[in-house]
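The following pair of complexes shares a single chain, subunit A, combined with subunit B in the former and subunit C in the latter.
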Partner chain A sequence: MNKTQTKSEPNVVVAYFKRNVGTIIGLILLMVIVSVYTPKFMTVPNMLNLLRANSVNAIISCGMLIAILMGEIDISVGSTVGLSGIIGAYMITNMEAPIPVTVLCCLLVGAVIGAINGVAIAYLKVPAFVATLATQSIGRGLTEIISNGITIRVTNDSFCKIGTASIGGISVIIFYAGIILFLTWVMLNKTRFGYYIYALGGNKVAAQYSGVNVKLVNMIPYVFIGLLCGLGGLIWCTRLGSAAATLGQGFEMDAIAAVVIGGTSMSGGTGTVGGTFIGLLIISVITNGLNLMNINSFWQEVFKGIIILAAVIFDVVRKNRGQKH
Partner chain B sequence: MMKKVLKRLLSGAVVGVMALSLVACGGSGDDSKPADDTAQEDQEEPEAPTDDTEKDVADDVEDEVGDDAKEGGYTIGYSPYTLKNEYFTAVLNGVQTACDELGCELIYFDPQNDPTKQASQIDDMIASGIDALIYLPYDAGGARTVLQTCRDAGVKVINIDTVVTEADYDLVDGILASDNLQLGELAGQWVAENHPDGANILICHLQVAESCVINVEGFWKGIKDNVENPDAFKEVQVVEGGGDTEVTFSAVADVLQAHDDINVIYCINDTSALGAVQAVEDAGLTGKIDIIGKDGAPIGKQAIKDGKMVQSSAQRPTYMGYMGVMEAVDVLNGKEIEFNVSIPCYSITKDNIDDFDLTAWDSLDEE
Partner chain C sequence: MSEAKLLQMTGISKSFGSNLVLDGVSLEVGAGEVVALLGENGAGKSTLIKILGGIYKSDGGEIAIKGEKKDIHSAAIAGENGIRIIHQEIILVPERTIAANVFLGRELRNQAGLVDAKRMERETQKIIDDLHINLRAGQLVSELTIGMQQLVEIIKAISADAQIVVMDEPTSSLSHGEVEMLFKIIGLLREKNVGIIYISHRLEELFAVTDRIVVLRDGKMVGDVPTKTADKDDLIRLMVGRELNSYYTRNVHKIGEKSLEVTGLSHEKYFKEVNFYARYGEIVGFAGLVGARRTELMKTVFGAFKNTGGEIKLDGKPIQIKNQRDAINNGIVYVSEDRRGEGLILDNDVEFNMGLVCLSDFIKSVGVNKKAWSEMVESYRKKFSIKITSPKQRTGTLSGGNQQKVVLSKWLAKNPKVIILDEPTRGIDVGSKAEIYEIIDQLAANGVSIIMVSSELPEVINMCNRCYVMCEGKITGELLEDEFTQEAIMKYATHRESEE
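After this line comes the complex of A and B, so read on.
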């Protein structure tokens, strides 16, 4: 467990920088490079745009972080986003359901998929990768069945406000992401439950012997992840005013990338919300920066891959060094 | 020890059950859907030896068309890129309608944008006895082996929408496709008419699709052929929109940060145009930037009706699918068909939007 206990206020900031020194330097370097190439990058509207474009990824990455902290993974997140989004669009447009009911259903769909994952993984001992691979396929299939391969338009303007409204010129979905990041941080750092999650990823057997209800602690996070995906689907379908069967494709990869770049170990037990946040920013800057610099988007994939690799190598090197001393 | 083994077995079983239920779930989606083959058409004269002249490369081989197939009409296979995209579902509608009318059985699967899946699914179709294949190769350049397999099995191939390379024409029996250059040209003409003094243009591309590359070529041709000063039309940037709403949305939002002089956004389909619409709306530039889609999809038509998009060059997927089956049955019956048919497209703008059915893609009525 790498989680340093916070003692006093200034220490928090110092500790934060210390822990994430590699990624912070990387991020600053990236931002400097992009700023040199295009003056449009370092502007308030573009920064807001950058944050907004990555808000849903931020929300889903919080879920992914928790799964990876437990030493597991959830690759069904993208398809759950798609399913929730398409159900939202279908209900509001084709069934003319009331807004609160639609919102609730979107979240519920996510929670149900999450619960299936959780039960399969925690109680039935299905490996997380396999269980979520299965639900990914189920979710994607259901999305196609419901949408029938057709983009569903959302015509209810007040429903769309959920994703398009802004507060003081700042898009509301940035706030959603901020709240979720904060809640996840509180859960992981300030609650007993969060402590158990770290414990589970660090050493499952030890956690069990110390009296933690391992199965329950293992399952509940998946419901939470599912809820976040439900929210993600809701945001995208209201934000775009439409939902297509392809919604959410590849989201799991972006989320895993953010978490891993943020210094979270794939073997579990080590990682922070703060680190993930920097990982998110790095991915955002790559995408946004290359778009602004008019570089073909295929290169974005290449750069993302290189940076993930660099982050993991950095992580491994750091770990090895830690073991030697 | 024993316990561990048991546990493993159990989890294996659970996965197995899940996999099974998965198959069951998928079943209703992409199962083959046999059409009712009650209406046995009278048009089939059992395989009259070809009296055609040999001028068509297509009908050089007259394979034995199984006589048993005549009993319940023909069996037709349909293989698109994916069924996740409403364009291909519209084609499917046309294919299904034609099969129903002719009393043919229809078999189709979802290749999920994967040429390897598409190839193996076509093998499965051949194994289940299709007489003809309505084929939209995902990889137009790599279709030869699939075509050869069909030819060897005596399956007639009508290649629609995405045309195979010319070197492979000898293995297809008919081609039906939209005029991709014209699709782009119509959009270009709109720009030429509405921005006669020039425009800064953003292209939301799908660069891996050859048809889209031709669309964009046609777009510039449509502009340059119709204006006095072609140099006044500038390509500000080309972004990869993936033909997808959310990808295009993010890309356009970024570009609008970098450039404040964009007048026109040309998207290679209506789905991605919706993303551009939303990004422009977010930037508070609605009405200042003209967004052009392509395909004449229901969502595109609705957006034109709402004043969010200005133009969309319409394709006729339903008609194409319908005609594909008609041609396939003609070939099976030994009739001569025109080998390469180009289906004309038309321009939808706010001026003629009320002439169209907003809910369907296109109709089967002859123009």
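After this line comes the complex of A and C, so read on.
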């Protein structure tokens, strides 16, 4: 199993399929099963709908991928999306702030939460799970306070365009997701910073002894994750035209699921954007398929949990087998 | 034999792969006898002990306890047979009481089937009082000094009714007073007819506390003498007197100016006021026993540990080294003794590992110069004949020798001025060893300044131009090439203040 996408094989596509053969087969099987049960699945409008519905998850998953690559986790993502969304809605509606200022604040809120996570984890050595659990609670609490328990409507139509516009009939947020996936891929595969993230996740001490500034390399990704959540919040509140205190709830689950199903090891150091992309599609197909089949949404939670567990067990078993060599 | 000895290990052999670590070693311990096990690092002491403790399975030979043959194939069975091994690293649960630790895994219960903490505390306290130690069974282990924690291990052994107690370097982290207390306790155990195997490098301790000294060298028993008639110099000779191997490459090089110069370097815990220097084209050895703090010294020079004073000069100019990056940017690199923990990212491939230190050569801002990167990997693969199936092979799957070559390549790609090699041939097969020596010799020929920390005396003697000997955080000796003898080095390495 190769860890990085630095391969210089003549055929990149073939290499990609080889690397992700298991998940790709899984995805195809799923799609076939869902198609058999509901003919509405394999249609262009449904596919576009599926991609649009999962765009924010794609963006968040890029952040989650990096956290898990470092051998850590960020469970504050959902609450940060909520906080950013509610602040966006509050500013544009209640304060009538200009659009650029509102957009900037949404992103900034995310970056600040991310920076708190990053400093706590990288410099103050708080375990990532605990640090992000704390900021998750802080973020969710602030969201409740700002919303005061009621849904804030966004009435500024130009602001809403950020999430509702479309290009050539395709929702703009699909493009956002595409751009973020691409940028993350570039960062992880084409920059020194990306290599350092893999090194840090693989063996932090060895990375440090190799002269990597491990604290900084550990901290910055959390700011990046925060920014992505800020963007996620912005997209949600503009797309829905409103923001409620529950916005973003459970997003961390979907992101972790996509990353883990995509073959990223929970112990860090191994995982790819390409794999995560397939993980995202699998999660999307499950959600979409179950919706089309009119299965109670609570069952989706159950399925996602089972799939995460299965993916992690698979990874652990593979690792153990590798160690016996 | 008229009377069965308490412990009788006969003809014990063990190999790892093709490496014969123990070759027909026999060891006897009588009841109430304290037997010292003496030998250099790698002589086979710990392997022998691990076989006794049921951690390793011997390839040949047998173990008898009180004349009865035993098959000790697990640690639990060793325990059932009254064998207790007190390891160098203390294995206690710090946030629990002494009593809880002593009874860990065999907790006493009351009639209701619940843990009877009071009775455990009472029984523990009884042992403590018997040994005349000033401890309370209800104290938390984390409140104790390392030395006292060592005593808790002994209490644990007594409480479990140990017949044979093995102490592996028990005094390595004890203060002078604690050592005396330990000796007193050993005396008490002896009266209780417990057989003790005592492992230590410190000869004077062996003279103080043991009845018999068994010397191991290269997996063979080379001496078994009563302590009363033993002579210190003889013991050292027995310990190190092996033939020198011929696989060293050593050419005469021109030695240049001073490269690294360290004055008065101190560390909070490990060493004080250390002075040394290295020169271009020179191989400087650092010899000493385990615990001499050589690795700690080198890690401090490399910026991994914080110093509490002293000066580091490079090419005559003082430099500031606050972390590993500062050292690397100044051209000082450290090849760790812990290849897997500190040297490599095992889950990643060879190419990745080799490029990690000089990544900026291949990635300027965005985009990877894959051509330059593969060329670099290929050039080292050829130069050091590294056996890999492809640059994408996982480093974790390579042999020790090949892993070490990957680590060396990673650092050499940075063109260092000073390269610190910490135990460069540890865990490496003989063939690769010779190749590593050749690489080291080549580097010196190219004018690189080499510092080699090594616990293998023949390696130091055959490779170095000059060597420092350390003992307990101090440099106790400096020897030139023509003064190198194993005896001279061992003398400085076992040099303690009490002997002055």
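The working rule: the second predicted complex is superposed on the first by the 312 of 325 C-alpha atoms of A that agree within 3 Å, B and C clash if a C-alpha of one lies under 4 Å from a C-alpha of the other, contacts with A are read in each partner's own complex, and residues count from 1 in each chain.
Methods note: a residue touches a chain if its C-beta (ideal position, glycine included) is under 8 Å from a C-beta of that chain, and two chains touch if they have at least 3 such contacts.
What you see is a predicted model; the values in this text were computed from it and never measured.
S.K.: Give the label of whichever partner, subunit B or subunit C, reaches more residues of subunit A.
M.R.: B
S.K.: For subunit B, which residues are in contact with subunit A within the complex?
M.R.: These residues of subunit B touch subunit A: 7, 10-11, 14-15, 18-19, 21-22, 25-26, 28-29, 82-86, 88-89, 110, 207, 237, 239-240, 244-246, 249-251, 253-255, 257-258, 271, 274-275, 278, 281-282, 297-299, 302.
S.K.: Which stretch or stretches of subunit A touch subunit B in the complex?
M.R.: Going by the criterion above, the answer is residues 38, 40, 43, 45-46, 49, 52-53, 120, 124-127, 130-131, 134, 137-138, 141-142, 144-145, 148-151, 153, 164, 171, 236, 239-242, 244-247, 287-288, 291-292, 294, 296-298.
S.K.: What does subunit C use to touch subunit A in their complex?
M.R.: My answer: residues 302, 304, 324-325, 328-329, 334, 336, 341-349, 351-352, 355-357, 359-360, 363, 365-368, 370, 374, 392, 396-397, 410.
S.K.: Would you pull the subunit A residues touching subunit C in the complex into a rising list?
M.R.: Of all residues in subunit A, those touching subunit C are 2-4, 6-8, 186, 189-192, 195-196, 198-199, 202-203, 205-213, 269-270, 322, 325.
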